[in-house]
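Here is the structure we will look at.
As written, the chain order gives the labels A, B, C, D, E, F, G, H, I and J, with residue 1 at the start of each chain.
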Amino acid sequence: MLFHVEMTVNLPPDMDGERASALKAEEKAMAQQLQRDGVWRHLWRIAGQYANISIFDVDSPAHLHDVLSRLPLFPYMDLRVRALCRHASSVWEDDR
Amino acid sequence: MLFHVEMTVNLPPDMDGERASALKAEEKAMAQQLQRDGVWRHLWRIAGQYANISIFDVDSPAHLHDVLSRLPLFPYMDLRVRALCRHASSVWEDDR
Amino acid sequence: MLFHVEMTVNLPPDMDGERASALKAEEKAMAQQLQRDGVWRHLWRIAGQYANISIFDVDSPAHLHDVLSRLPLFPYMDLRVRALCRHASSVWEDDR
Amino acid sequence: MLFHVEMTVNLPPDMDGERASALKAEEKAMAQQLQRDGVWRHLWRIAGQYANISIFDVDSPAHLHDVLSRLPLFPYMDLRVRALCRHASSVWEDDR
Amino acid sequence: MLFHVEMTVNLPPDMDGERASALKAEEKAMAQQLQRDGVWRHLWRIAGQYANISIFDVDSPAHLHDVLSRLPLFPYMDLRVRALCRHASSVWEDDR
Amino acid sequence: MLFHVEMTVNLPPDMDGERASALKAEEKAMAQQLQRDGVWRHLWRIAGQYANISIFDVDSPAHLHDVLSRLPLFPYMDLRVRALCRHASSVWEDDR
Amino acid sequence: MLFHVEMTVNLPPDMDGERASALKAEEKAMAQQLQRDGVWRHLWRIAGQYANISIFDVDSPAHLHDVLSRLPLFPYMDLRVRALCRHASSVWEDDR
Amino acid sequence: MLFHVEMTVNLPPDMDGERASALKAEEKAMAQQLQRDGVWRHLWRIAGQYANISIFDVDSPAHLHDVLSRLPLFPYMDLRVRALCRHASSVWEDDR
Amino acid sequence: MLFHVEMTVNLPPDMDGERASALKAEEKAMAQQLQRDGVWRHLWRIAGQYANISIFDVDSPAHLHDVLSRLPLFPYMDLRVRALCRHASSVWEDDR
Amino acid sequence: MLFHVEMTVNLPPDMDGERASALKAEEKAMAQQLQRDGVWRHLWRIAGQYANISIFDVDSPAHLHDVLSRLPLFPYMDLRVRALCRHASSVWEDDR
């Protein structure tokens, strides 16, 4: 099932540079693995924001929470989650 | 280029039933044509809302406005528009 | 899977009395059937509000949307939906 | 009587790890005792949030305040409290 | 137990004058009866607003809901309800 | 004249424990003196919040400001102030 | 004592023209009388808004409410009221 | 002097078609005259909204209010006004 | 021309006491000079808030910005600015 | 294509003075280069705010994000981005 997630990252500007770089690298690695696994279906940057809009394809809300709460940047993020379903006007049977 | 659009429809509950059905049918026809044309890339229902989340692939902001403002339900919608771009952590060159 | 839904009803105060009574009676009948079916797990009144807080147990976001959008008062409701999952501190394996 | 409580936890990301773990363990122990005592009736995680939705069954608003303000994470929480009562459409006499 | 209630009245300005006067008279009569019964403990006008701040002394949230939802102006009101309890710095054992 | 004041206290959770206790003790002493003087007429805890709702009986807005700004916790509080007056439906001539 | 009042006028655009003109003329006459009486000390238009910012000099909150609630446009206004007092940095003893 | 104005137009969807067309034509004529006069310096559509962002070059706030309040669609608009001035990092002496 | 400015001061409660006193003394001296110069026309305390409402009489928006941004407490303030003009119902030609 | 960007700068007031000056100087140099390049078309100060309103002329949302995220003050800014297009009532073919 699909969930729409907006993530806004609030890293403190005075965070140690090496620590920030390490966190971002771990975040990127995990994000890319989840994309390759078909869980993180879409990942877009919102222009002008340190924020993204993402589509997750998960087995359950518990699966979604498990994935999001393991992200290295999770403690620094504001998240907004909305459940999606097929739209009656969609031309696709399965729009992932 | 991609835009993320949230549309919330506010049809007055006391609108004449035939008029409402006609508007919705026209909206659906136009939405499906735009999907087939590759302009309206994704169209998802937000669960529990008379609202959708959509991804448009257009030539310019003017193109986007032209498409949205022609929708039969446009006068009854609240719209939120955000420009998207490729995310540095995306595994896809072109995530449409 | 569980969803937390807040429903605020905005019936126009000048709605025809018979029409309002009929809508409310249909709403009640459908709500009670859904409770008996195990889909609408909890239904509480928020004290002092024409609003409720409900827990739904559904198969998918699509199932939830189908149930909510068929409610007779749906066109008059503001809804807020949030996906729930088991809390790590819960003493229950399955808290429905 | 029942109260609906939303708790959002805002632990500072740079809190000492041991201190945070100890606080969370104390919170969990107290939450589980309160559940076993029948005071904390339901405890659900909101998917994607460091937040929960809970139903408390207490003797009075003073009882509720006493319970909430003793929680080890209380100083780090935003709380929203709403009084519940039986809904006229509920099929249950006592929906706890 | 005490509840703090803010009531903002939104009578449509074009409501029939006689109907509005009748509603307000019924509201006043019921409010005064509830004050004499000791249920509606305090009733203050917010200066410059068609709104009041009130303290109710009721047996339960269900009692509060029953009282509020019977008010003749209830369909025209926005209500905000908060449960109160004794403050540790109060000099009164029972501040009603 | 009466003013309705909501006070939300935001003590930093990492404040030195002795300093916090001292501040709270001074606050309590001053609050109780003002209650005995008839200035701070009512003081209620909002259930589940580090916040109170209070009624002040003062000579003027300047008097109110003088009282509030001398409170030891004033620098840590968010305050909301509203002027009250007698409600036309009150059964009391002077509801303090 | 001084109160700061913001008034935003929401006349329905489809109100009968004569009715609207009459209301505005009555409002203007009453506003000017109150200015001449020294009660409505300042009256400024907010540029670009059908709204004003005003300073009232009244005997009490009850006096303020009496004045505001008699205004012909009161049923069509959103009002925001704040009590003012002398600022410690003011060079005027009495800044009215 | 320059003012930044956002105008959101809220024409009721059920307004008589001829009336709406006439209003829009008058609005357009006046907007174009003001542009030719150098008063309405910039006029941009916000993509996907029945709204614009405009820059006005006027003699005073009173001049601005006079211009805005004469617009035929003024009664149907929400306006937000902000005063602009030269930015210290601008490369232009006079950025109109 | 007149501008309406609301200033809310957010000095960190743990700021060094001498530093805070010095800043406030400089702020007061500058505020009083600007009042004597006729630029800062009115300065009122909002009762119960570390905030003021002020009326400035300046030559231009640039003049206003210059004055406000030089205030010693400017880096600690939230400001809200609105341009004022003469109200058609004012009895004064020039209400400063 | 044009984007409307509002930037609000939140430099911590206790930032080291030299560090702040260096950041602002780098920001200014980059802003001026982008203006000379025709990318940053307009840059206005909002009177009374440490904030600006800007018009960017870029090739794509990705171009916009690239420009904004390289600004030295980007980590300290709140940004709001809106896509613009030609307004049907504009007298200019190309209003940049």
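What we mean here is this: a residue touches a chain if its C-beta (ideal position, glycine included) is under 8 Å from a C-beta of that chain, and two chains touch if they have at least 3 such contacts.
In UniProt terms the chains read A, B, C, D, E, F, G, H, I, J = Muconolactone Delta-isomerase.
The model shown is predicted, which means the values in this text are computed figures rather than measured ones.
*Asks:* Looking at where subunit G (Muconolactone Delta-isomerase) touches subunit I (Muconolactone Delta-isomerase), is over half of the residue numbers used by both copies, so same, or under half, so different?
*Replies:* same
*Asks:* Of the chain pairs F-G and A-J, which one is connected by the greater count of C-beta contacts?
*Replies:* Counting C-beta pairs in contact, F-G comes out ahead.
*Asks:* Averaging only over C-alpha atoms, locate the centres of subunit E (Muconolactone Delta-isomerase) and subunit I (Muconolactone Delta-isomerase) and give their separation in whole Å.
*Replies:* 39
*Asks:* Would you mind pulling out the distance in Å between where the CA atoms of subunit B (Muconolactone Delta-isomerase) average out and where those of subunit E (Muconolactone Delta-isomerase) do?
*Replies:* That pair's centroid distance is 44 Å.
*Asks:* Let me have the rounded angstrom distance from the C-alpha centre of subunit A (Muconolactone Delta-isomerase) over to the C-alpha centre of subunit B (Muconolactone Delta-isomerase), please.
*Replies:* Whole-Å distance between the two chain centres: 22.
*Asks:* What whole-Å value do you get for the distance between subunit E (Muconolactone Delta-isomerase) and subunit G (Muconolactone Delta-isomerase) if each is reduced to the mean of its CA atoms?
*Replies:* 27
*Asks:* By the touch rule stated above, which residues of subunit A (Muconolactone Delta-isomerase) touch at least two different other chains?
*Replies:* 2-3, 45, 47-48, 61-62, 64-65, 81-86
*Asks:* Please list, in label order, each pair of chains that touches.
*Replies:* A-B, A-C, A-D, A-J, B-C, B-H, B-J, C-D, C-E, D-E, D-F, E-F, E-G, F-G, F-I, G-H, G-I, H-I, H-J, I-J
*Asks:* So in the complex, the part of subunit I (Muconolactone Delta-isomerase) that touches subunit J (Muconolactone Delta-isomerase) is made up of which residues?
*Replies:* Interface residues on the subunit I (Muconolactone Delta-isomerase) side: 3, 5, 61-62, 64-65, 68-69, 75-76, 79, 81.
*Asks:* Could you pull out which subunit J (Muconolactone Delta-isomerase) residues touch subunit H (Muconolactone Delta-isomerase) in their complex?
*Replies:* 2, 4, 27-28, 31-32, 35-36, 42-48, 52-53, 82-92, 95
*Asks:* Taking the complex as given, what residues does subunit H (Muconolactone Delta-isomerase) use to touch subunit B (Muconolactone Delta-isomerase)?
*Replies:* Spelled out, the residues of subunit H (Muconolactone Delta-isomerase) in touch with subunit B (Muconolactone Delta-isomerase) are 11, 13-14, 45, 47-50.
*Asks:* Enumerate the contact residues on subunit C (Muconolactone Delta-isomerase) facing subunit A (Muconolactone Delta-isomerase) in the complex.
*Replies:* Subunit C (Muconolactone Delta-isomerase) residues touching subunit A (Muconolactone Delta-isomerase): 1-3, 60-62, 64-65, 81-86.
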